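So, here come the structures, one by one.
Two complexes are shown next, each including chain A; its partner changes from chain B in the first to chain C in the second.
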Partner chain A sequence: MATATTQHLLLSPAELAYLHSTLSLTPPIRPDGRLATQFRPLTAETGILPGTYGSARVCFADGTEAIVGVKADVEKTRRTRISPEGQNGRRQRRKRQIGDDVGGGEEEEEEEEEEESAIVGENDWVEMTVEILGHRDDDNSTVFLAAMLSEALLSDGELTKKLWINRRFHWKLYIDIILISPPLSYPLPLLSLTTHLALLSTRLPRLKSEADEDPMFDDDWAASQPIYPSSRASSSSRPPITLLVMAIGENIIFDPSKEELAVADSVLAVSVVEAAVAATTTTTTDDGDVDVDMEDDRKTRRRNLRLLSVRTVDPPSRLTAPGVPNAVNAAAWGQAPPGASAKDPGVETEDVEGVWRPPRGGAKMAVLSAMVQKVLEKGGIADEVLDGLDGVELE
Partner chain B sequence: MPLDTSSAYPLALLRVDGRRWNDLRRLHAAVRTQAAADGSAYLEMGNTKVMCTVTGPSEENKRRTAASTATGNTGGAGGGAGAGGAEVAVEIVVGGFSSVDRKRRGRGDKRIHELQTTLSKALAAALHTHLYPRSTIALSLHVLSQDGSLLAALLNASTLALVDAGIPMSDLPVACTAGLTSAASAADDPLVDLNAQEEQELPFLTLATLGDTDRVMVLVLETRVQAARLKDMVDLAADACKSVHKSLREVVRRRGEHMVEEGAVEKGASMAMDMDIDV
Partner chain C sequence: MAITILKPLPPANTQNAATAYNSDSDSDGGVDLEGDVSMMATALSSKPSRHVGGKGYDQAIVTPGEIITEDSQWMRGHGTYTTPDPYAIVASVAGTLVKTNKLLSVRPLRARYTPEIGDLVIGRITEVQARRWRVDVGASLLAQLPLSAVNLPGGIQRRRTETDELQIRTFFSEGDLLVAEVQQLHNDGGAVLHTRSLKYGKLRNGLFLAVSGTGGGGGVVRARRQAFTLDAGRAANDKIDVVLGVNGYIWISKHVEGEGAAAESAGPGITRVEESVGLNVYSSQNDAIAPETMREIARVRGVVEALVQHGTRVDEDTVTRGYNEAVEMARGDGDGPDTLYLGGERGKRLVDALKGR
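What follows is the complex of A and B.
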C-alpha cells in the first residue's frame, strides 16, 4: 500500500544494494547526510485560512507541502437504542437505594461523577478526508492514510469528548487534508504534523445556552475557545502525532526519505500523544527508582509521551526486483563464466556483495520494540518534533 | 427577493463590501511558493485564494491520457494535444473547507470538470505548446478559499505558475469578472470583480484576455443578461483585465528582481548578453 503513495523510484539493483549497505553501517550514512535520528527541517504556519475554524500549512525541506482546514457543524446527536434518560433514571434509582444505606452526602458526589462520565463522544463525530494529487479520493492508499490518521486521533477518545455540547447536540468536525505537492515521500508524517497543528489552532464559538437547551453561541469570535487549550498546566491532552520509523538490519532510522524507504527492512507508523500532566503522576509512582529520575527530568522537561498505536507499513522495498548475479542471470548468459553456466540457474545464491536482494520474512520482534522504544525515549525524536511544533505560533 | 447589492449605500454608490463599481479587490500574489514543483504560484483576489503548481513539460503520460479519454473521470482535462504540441492537463482540487458551508466536491463534479476544460483550452492557446511535442504540462490547482470570481483567480494563478516554470507564452493570459446591477436604468454602471454574494444575485461574466490586448481568450456567461448591456460588461471586464495584467506583471518583475539579487539568474543573464553580442 505504501507504494501507491510514493512515486515509483527508478533505482537499479546496484543502487539499491549500495543504499542498503551504507544504511546498514554503524552509524548509518544517509543519502542526504542526516543523522539516523534527525528529522527533515520544516516550516509551519497556522491560521492561514480565515474561513475555517482552524488551519495549518507545513512544508518539508524536500518541497512536499500540506494544508489542513478544520470546519465544524452543530449536529443533532443520534439517539441510541437505550435512551440516556432511561439509563440515568435506572441508575439513579439504584443509587438511591445505596444512598439510603450510606448517607445523603455521598449520593450527590456520585451523581456528579455520573454527569462527567456521560460525556462520551462517538467516533463518527470526526470526519477526515485526504486529497492527494493524482489519486482518486476512493483510492486504497488514500483511504488507508485517512484511516491511519483518524485512528490515532480517535483512539484516546479525548477529541470526541471535547465535541460534546449537551445530551442532544454535538459538534461535527470535518478535517480536510490536502497534499499540495506530489507525494515525494510517504506523506504520513507530513499529514499528521499538519493535522496536529491545525487542531491546535482550532477554535469553537463559546456556548451561551445552558444544559440541554438548543445550543446558542457567542457571536464574538474573540471569545471563542480553542479545543486544545494551550496552557500546559491544565490536564488536557494534545492531538497525537504519527511518525515514520524504519529499520535496516539493526539500524533504526527516523523520517525516511523515499530512497531510504526503497531499501527498508521494515517500516512502522508510530502514533504518540503527549499525555496530560495528571497522568504523569500516576505513571511515575509505579516504580520507586524511576520515580526519582522522572522527578528530576520533569524539572527540565515535563513531557510524558504515551504510545497510541503502532502500524506496520508495507515497505516498497518488498516490491523491488532482486538483483541477480550474472552467473544465474538468463539475460546475461553470454557473460557468465563457462563453469557457472553448468549450475542450475534456478538455485538461489547466497548474499552477494553489491547485489540487491529485497527483504523477506517479517521483522524481528526485538527490532520492532527497539523502534517503538526509541520513539518514546526522553529527548528522542518525538520530543524533538513536539518541541519544534510548540514553537509554532498559533494565530 | 434578491437583494440589490449595488444600492447598499445608495447615495455613495458603494457596493456591499464598500467598493465602487470599478474597484478591483486586493490582488496579492506570490510566485515560487513550493520548492518541489517546476513552477508554483499563490494568488488571492479578495478572499478567493488559490494555489497552483506546474509539473513539466514532461514526457507524455500514456496511462493518464488513455484513462482520461476512456473514462473521463480521472479528474484531468487535457487540451492542446495533437498537431505535435504539448498537452496542457489541468486538475482542480477544491478543498472541502473552502466555502462557507463545508461541501465536498468529488472528482467527477461537472462544474469542476467544466472549469478544467475551460482552463486547459485557454492556456493551450496562449502557450507555445508546439515547442514541446509529445509532452505534458500538468497544472494542479488547489482552491483554498472561495469568494467569487473563481475561474478568473484560477486562470491568473495558472499564468503566474507557468511563468515561474519558464514555459514560453505569447503574453500573460489574465482574467476578471464583470456583473450587471439588477437596476433597470441604463445609467447604472456594470460592476467588476464580483464577490460571492454579488455572484449569487447578479448576472455576471468571466472574461480572459491575452495580456493587455483586446484579444479575448475566454468568455463565460452562465446567467441571463440584457443583450444591450452585454457590450458594456465586456468592455468593463476587458478594462479590468488590463489592470489585473499590470499587477501580475509587477509580481513577475519583482520575482525577477529578487532572483537577480539572489544571483540565481546571473549565469542566464550573461548568456543572454553573449547571445546579443553574437547576433
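What follows is the complex of A and C.
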C-alpha cells in the first residue's frame, strides 16, 4: 500500500455524507454532473517549448495546467554495470570477460552479436523530475507521483530500448514535468497524459555514424526521427498512460475530482500501455478492398492493451472525522432525547442515515478487479482515452 | 466518448471575458469601458502602445511593476502606486487597466475577498481556539467567530460559561461550513463574524462550491439578496436553497422549511430565539434527500460553474435564469432530461443563451 497524501482537503461531515450518498446512487450523481466514466474536457497542444526535443501542455477547464519537456543527451554507456533485468546473463558474461582477458578481440565480437540480438536499456537512462507548484520536490506525494509515472514508463523496457545508440553510447532522456497551477485535484492522470503527449512529440536527431563509432548526427532537424513513430502499422509501442479510478460502493468513477476523492472507498492508479501490434493480419488480395479494410481495421481494431501496474492510492477519506448523529449531539438541541448526555464526538457510532462515517477496512477484491477490467476491456476507458490522445496534432 | 481533447483557442478569444464584463462604474466619462472586439484586437497587436495615449481602449493586461504612464495629468486609482522621481504610475496588481475620466486603476484578474460589515459570507472553520473559532472566508486574513457571537443551545440568552468553552467543538469543529455575517472589522482588514440569527449557522444537506476572486467579470457580486430559494421544476415541493456568499463561497442545498439563510425574515429574530422549535443549527446529520433533488442540486452547481468559467457575474437573476435554461437545454438535447453535465461546449452554449447571443 502506497501512501499518497493527497492535498488535505477540509470538508465538513455533512458535506462528506452528502457527497457519499450522491455518488453511491445508481447511476452516481457527480457534483459536476459528469457521467461516471466521463473525463473533464482537456485542452492539449504539443511542441510548445522550442528548446526541447519534445514538449506538451495540457489544461483542464478549471485552470489546472501541466507542461512537460523532454530533453536528450548523448551519454557513454557504462560497460560493467549490472542491470536489474538479465542480471544473471550479464554477470556470467562479465566473468567470462575477466577469465580470458588476454584474448579480448574475439570476445568483443561475440558480445556484439549478443547485444544486437537483444538490446537492453538501463532504467537510469531516463530521468524524470516532477515539480508541483507549492510542494517541495522531496515532498512525499511528489516523490510518489514521480515514482508512479516513471514506473509506468520503464516497466516494459520499450522506451529505454529506443534510447540505445550503439554499444558505447546511449541517449539519456530528461523528462521534466511541471504542474504550473496549484493542484485542484490529484494530478496524476493530468501529468501522465501530458507526459504521453510530450513523448509522442519527441524527436531525436538522425544517426549518421555506423556501428560503434562515436555517434555523429544529422544537423538537419527535419530529418530527425520521432521516438515513437506515428505510423500505426509499424511494430512500435506507444508511451503508457496512467488513469486514476475510484470506487464508492459498487460504483466505479473515472477522473475523480478533489471532492470525489475525499469520499472514495478505494482509489487505484492503473497504468496501461498499448503494446506493439503484431504484423497486421489483413492479407487481402483484392486491391479494391484493401483501403476499406484498412479503414475498418483501424476502427474496429482491438488495441493490444497491456496492464503495466496497478497501485492503490490511500484515499483521504480515511483520515476524516466521523459525523455526529443528532441523537448524541449535545448541541443539536430539541433533537436529543432528554437523557442523552454529551458524548465525545470522536466516538464511532453505528451507521446512521445522513451521517458521515469514514470507510474502514480494505477494498473488496471484486471491486478492484472490476475497476481494472473497466479500464482494460475492449472499447473501455483506456481505449477511448488513447483514441482521444491520437487525435491531438503533433507539432 | 469518455474524453474530449480540444485544441487551444487562439489568444484573442481568451479575452472575451473582458468584453463581456459590464462595468459598474458609469461610463459617461468619455471613455467607453465596454471595449469592443475589433478595437481590442488592435490594442493587442500593437502591444508596446500600452502607455496611456490618445486611444482609450486598452484591454491588455498589465503586470505588477509595469509603468502605466509617466504623464502627470493622470491620477492613480486602485491597483496602482506612484513613484515620485521620475513621476510614473505603476501597476501593483495584474489585471486590466480601467480609466474613469482622469483616474487610472487596475482591475485585478483575481483578488481575495475584502470583508465589509454586513456581508453575508460562507466560511469554513480552520482552527478552534479557547473562546473563538478562526474561519476561512477567502480573505487575506482568517476571520474570527467569537463564542459570544453564536447562539447557544438551551434557547435562552445567557452568559457563556466555562462548560461552553470546553464544549466548543460540539458547536463547530474543524472543517465545518457555516453561513455568517460580518459584524465588525479590525484595522488590519480581519473580520469578526456573528451567527446570531436563525438564518445563520452550520450548513448541511448540500454541496459547496468556491468561485475565486472578484476579477475578470465573473464571481459573486453584492446584491439585494444573497440567499434565495429556487423552484426545481419537477416535484412541487422540490426546492433548492442557494446561498451566494459575498466572499465567493457558494452553498447549494435542499430547502428545509423554516430553516437556512434563505428563510424569510418572518421567522424569529434575534430577540425571539428562545421561542423557536426544531433547531438544527448545530446538526451535522443530513436529512433524507430524494435523488431528484440531488440531481437538481448538481445541476445548479453546474450552472454556477459555467457562469464563472465564462466570465459572467453570479447573482440571483443569472443563477435562476441559467438554471431554467439548463433544464430546457437538457430536455432539448436528446440525451434525456437527466443530463447534468454543463462543462465545455455546453457551458458555453448556456452562457451564450443567457446573454441572448
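The rule is simple: the second predicted complex is superposed on the first by the 305 of 395 C-alpha atoms of A that agree within 3 Å, B and C clash if a C-alpha of one lies under 4 Å from a C-alpha of the other, contacts with A are read in each partner's own complex, and residues count from 1 in each chain.
Note that a contact is a pair of C-beta atoms (placed from the backbone, for glycine too) under 8 Å apart; a residue touches a chain by one contact, two chains touch by 3 or more.
Computed from a predicted structure; not experimentally measured.
**Q** When the two structures are superposed on chain A, do chain B and chain C clash or fit side by side?
**A** With chain A aligned, chain B runs into chain C, so clash.
**Q** Going by the contact rule set out at the top, does A:Ile178 touch chain B (first), chain C (second), both, or neither?
**A** The answer is first: A:Ile178 touches chain B but not chain C.
**Q** Based on the superposed arrangement, let me know which partner A:Val352 touches: chain B (first), chain C (second), both, or neither?
**A** After superposition on chain A, A:Val352 lies in contact with chain C alone.
**Q** So, A:Cys59: does it touch chain B (first), chain C (second), both, or neither?
**A** Both partners, chain B and chain C.
**Q** Taking the superposition as given, does A:Ala370 touch the first partner, chain B, the second, chain C, both, or neither?
**A** neither
**Q** Taking the superposition as given, does A:Gln38 touch the first partner, chain B, the second, chain C, both, or neither?
**A** Only chain C is touched by A:Gln38; chain B is not.
**Q** So which one touches more of the residues on chain A, chain B or chain C?
**A** C
**Q** After superposition on the shared chain, which partner residues are touched by A:Leu207: those of chain B (first), chain C (second), both, or neither?
**A** It touches nothing on chain B or chain C.
**Q** Determine, for the stretches 43-51, 61-69 or 169-177 of chain B, which one clashes with chain C when the structures are superposed.
**A** It is 169-177; the other listed stretches have no clashes.
**Q** Which positions of chain A sit in both the chain B and the chain C interface?
**A** 59, 61-62
**Q** Spell out the residues on chain B that touch chain A in their complex, using ranges where they run on.
**A** 34-37, 47, 49, 51, 53, 55, 74-75, 91, 93, 95-100, 102, 104, 106-107, 140, 142, 144-145
**Q** Going by the contact rule at the top, pick out the chain A residues touching chain C in the complex.
**A** Spelled out, the residues of chain A in touch with chain C are 10-15, 17-19, 21-22, 25, 29-35, 37-45, 57, 59, 61-62, 254, 320-321, 323-326, 329-335, 342, 345, 352-356, 381, 384-385, 388-389, 391-393.
**Q** Considering the complex alone, what residue numbers of chain A touch chain B?
**A** These residues of chain A touch chain B: 48-52, 55, 59, 61-65, 67, 69-71, 73, 129, 131, 133-134, 136-137, 174, 176, 178, 180-182, 184.
**Q** Quick one: in the complex, what on chain C touches chain A?
**A** Answer in residue numbers: 1-9, 124, 126, 153-155, 167, 169-171, 173-177, 202-208, 277-289, 291, 294-295, 298-299, 301-302, 305, 309, 339-345.
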